[in-house]
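The structures come next, written out as structure tokens.
Shared chain: subunit A. Partners: subunit B in the first complex, subunit C in the second.
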Partner chain A sequence: MSDKKTESKNEKYREVAYYPGCALEGSGHAYNRSTKALGKKLGLKLKEVDNWNCCGAMEVKNIDPKLQTYLSSRVMSIAANKMKMDVVMAPCNGCYHNLKKAEYDLKNDEKSKQVVDRLSKKAGHETYQAGQVETIHALDWVKDTIGEEGLKERVKNSLAGIKIANYYGCMYTRPRHIFPEKDSGPGSESTSRPHFMDDLLDAAGAENVDFPLKTACCGGAHTLSDSDTSTRLVANILQTAEAAGAEVIATECPTCHSGLEMHQIRANRTLGIKTNVKIIYFTQLLGMAMGLKPKEVGLHENVSDSFDFVKQKGLA
Partner chain B sequence: MTSLIDIGVRLDALIAGPPAPADAGELLVLGEQALEQWVIARGKQPTQDKREGFRILALHRQGAEKDPSFNACRETCRELVYHYNLLTLQPEHPESGQRARMMGWVVNHLYLFISGKMETEQLGEFCCASKPLRETVDAEAKAQ
Partner chain C sequence: MPIHEKSLIRPENLKVQENLEVEGIDVSGHWSTFIESRVVTDYNEAMEEEIAALPGGEFIHRCWQCGSCTNACTVHAINPEFNPRYWIYLIRTGMESELLRDKDIIWQCVSCNKCTYACPRDVVPEAVMKATAHWLELKGHTPKSHSTIFDDIFSEQVIETGKIEDGRVLKRFFKQTGQALRQPWLEDLVKGLLRNLPISMLTRMGLATLVAPKTSGWSGARDAIKEYVAEQEAHHRTALGLDELVKMAETELKAGAAK
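So, the complex of A and B:
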């Protein structure tokens, strides 16, 4: 373990191994683009994990949880042993969750350790040992390096006048036992009422509304096999956000984001429920607040069209 | 026992209202009734116990036994309790009307989550809950 482990989070997170995951190369590319652009703007360094693989997502985990543990451990092994990094930053809730779960399993389950060791040897790379890296989310990354005060100093286009409902989805905080750093006193993230995204957007001038479905299920995992349930759940989230006064739902997960965007259209077509709330990644909102242009944060890559809205709000 | 359909119909009417602060008790009960349906469908008797002073939290816990994916509605249940407390402890609060509206949407989310879960594959092939179902199907196919 290097000396970096004893550094403050502020310093330690300034240069991190970046694990975008599959979604950020496809449907969530806007999140990838905006995360990188925001990092650059804030002077934070991202070193993409070499030859990274799938984290095991929901599909592998469902069939063979230990294989998922191995797949996630390989990403962490490359970051730790090959790249000599101490921190892996995963912006996708699914990846973040799976790396955390793998870390937990490798600390607490002997059988998982054996399986990971066997598969790592077979694949020809060093076995990841629990504790070699720390996995963080993009929210931790910005919050613990730049923080609210730092963001306030850097705001070029305030988000003032924009009412936002912050939607965290389910995998950012569940299950609680794989996130030991959360619920750990003042300043830490809450698993029941997360607030990091609220804090960051508030610092950029936004008005956060009181939104009671921050961590509610959007049916994301069942969007293909049971689209109707997903559409109904998303429609309820969108309607609740509007009833709470929100003009924008800020997201921090590509699966949630795509689900909200696509089922917003589907809810209109199949259920006749029309909502106008915009769905924008928090990295896009912060990027524009820091002076980046909408295209630089990939607004054109979102399914929903927010260009007129951001222009109206003075962000473009 | 109130059926899921009846719960849905009543919720639609309440939300269209919109709900008033005085509806807090009924909204909480509708949440409990939706959970009862889930518990019964899994072959259990809905508990009458309370957890942290609320039956809805005990019912959620009962519903999540051996089914971790059901925890996806844990915070929704807690939000219901939170809104119920706000509305009953501060009924004259200037935000009471909005709080009641929000409570209506939250209980609707719980209802939609549970009804969706029950619709799919009878007891819900949902998220990581699908494995036991698939195992049962595989075992039956093998036995034939």
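So, the complex of A and C:
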């Protein structure tokens, strides 16, 4: 470990309970692999939540929102009560959002508390109490432990000359009230123009383009059930990124990531809109910048092929 | 910016005379346009309460019709007919027949929460859209949308096993919605994956489709959730008076048969 003064920002985040969630075990495996590899490279510890369950994703809330609150609370209960951890880190925007939403509801809504208590008792585990853990995103994790300065010191392959559009999607910032730590003054994340990913990639040398659709929606909730709408939304995001001069769209959510990849193909097939912008997880980009090989960050697990691109940019 | 209220005027109510002369003056074509008056008599005064009784609909009464939701809406930008502010207005005034004109697009809300972010009254329009889509289905106005079928399949698997395996959900979804699994774009997608993946990874993914992932010791949670869901469903049926509707329909049927 090098220079203490640049990286003691948040010691608490150096060892966190890791909640990968279902997507990271399936279609988003590249994000899982790259998050773990990046953590290892940076000397950050991840302890996977024991025997975790699905947070409810975008679907269970439509059957019953309180059921979703329960599912998310079970994950936090295990982290707090069984593993005695203070921080849960979820790289998936959906998981991150749902845990934050559950935290908010359990703090502010008596009915949600009752339902969660009743279901937890019946299921035979301790009821999660608001405030027991803090849920953070993979972006907070890297930013608050290593930070920009720390990253700069560690860069092996600079991302210099790579033009990136940072895409955050919906669930990372909306609705604002479930993220009390955002929009809270200098240094905090912004819900209207988020910048944490921009900051990290910038520290690794990348050239971030001015991208107006950072928090636009990719239609992820209806990727399959209303593909035409999703394809139009994604085509707009891809074309706007290209118009802004981006060669890469950096992602931080498995649903957005596979939505962009899938509908990039579909837009070409059904709308005749062909785009060449690469779609790469921010953890993959940072990992390669820190000297990891493309395979170590799961570049082969992406649907879109960016091997030639990263080679050409000197990252492989 | 289109004026959405124009959609209140149905095209069939716009009357134009092709050839019309009034007191020697030719007023053919759009000079003679008039709008046939329309009287709404079929108010459903219970509609707001019914939707408020469904999860997500709780705060509909707070809306003051500012229009920020529609202005921010992702789907509105690609389909101007998609208008949350207007639907909330129709629901609150009980104009059921007007709402039903848009019944096939309300489910298309993509849950981006841009509306929730913009709403000054904490109505949570996103949740109201979900409640409205559910209400349409529960009342039998629309069949289950693809989105609801997906939610059902997904939730069922979570409740059963505690976890999701996307390949499995995908397969069941295409089957239940009667779509071919071999969509050409999906094939391109799989080919893209195959091109890059090492064999070991494929075996792992193949195995995941056969042996679905599970959260161990899940049965306690499963039973608790199932009991809760059944209770909630019964509760919604009562709120919407569905059981009475069914009974009424049955008596009517019997009466009809007796005649």
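Structural remarks
The rule is short, and it goes like this: the second predicted complex is superposed on the first by the 307 of 316 C-alpha atoms of A that agree within 3 Å, B and C clash if a C-alpha of one lies under 4 Å from a C-alpha of the other, contacts with A are read in each partner's own complex, and residues count from 1 in each chain.
Assume a contact is a pair of C-beta atoms (placed from the backbone, for glycine too) under 8 Å apart; a residue touches a chain by one contact, two chains touch by 3 or more.
Predicted model, so just to flag it, every value in this text is computed and none were measured.
With subunit A as the common reference, subunit B cannot sit beside subunit C without a clash. After overlaying the two complexes on the shared chain, residue contacts for A:40 are found with neither subunit B nor subunit C.
Contacts of A:23 after superposition: subunit C is touched, whereas subunit B is not reached. Within the superposed three-chain model, A:221 lies in touch with subunit B and with subunit C [touch as defined at top]. Of the two partner chains, both subunit B and subunit C are touched by A:63. Shared-chain residue A:243: touches subunit B; no touch with subunit C.
Of the two partner chains, neither subunit B nor subunit C is touched by A:152. Which of subunit B and subunit C touches more residues of subunit A is settled by the count: it is C. When the shared chain is aligned, subunit B and subunit C each come close enough to touch A:174.
Contact with neither subunit B nor subunit C is seen for A:195 once the two complexes are overlaid on the shared chain. Contacts of A:82 after superposition on the shared chain: neither subunit B nor subunit C is touched.
Of the candidate stretches 19-27, 37-45, 91-99 or 127-135 in subunit C, only 127-135 runs into subunit B once the two complexes are overlaid on chain A.
Residues 58, 61-63, 170, 174-175, 216-217, 219, 221-222, 225-226, 229, 232-233 of subunit A touch subunit B in one complex and subunit C in the other. Residue ranges on subunit C touching subunit A, taken from their complex, read 55-56, 74-75, 78, 108, 110-114, 116-117, 124, 127, 130, 134, 145-152, 154-155, 158, 162-167, 170, 173, 177, 184-185, 188-189, 192-193, 195-198, 201, 205, 208, 213, 215-218, 220-221, 223-225, 227-229, 232. Remark: subunit A residues 58, 61-63, 170, 174-175, 192, 210, 212-217, 219, 221-222, 225-226, 228-229, 232-233, 236-237, 239-240, 243-244 touch subunit B in the complex. For subunit A in complex with subunit C, the touching residues are 22-23, 25-27, 29, 51-54, 56-67, 70-71, 74, 115, 118-119, 122-125, 170, 173-176, 191, 216-217, 219-222, 224-226, 229-230, 232-233, 261-262, 265-266, 269-270, 299-305, 307. Across the complex, subunit B meets subunit A through its residues 68, 71-76, 78-79, 82-83, 98, 101-103, 105-106, 108-109, 112-113, 115-117, 119-120, 125-128, 130-131.
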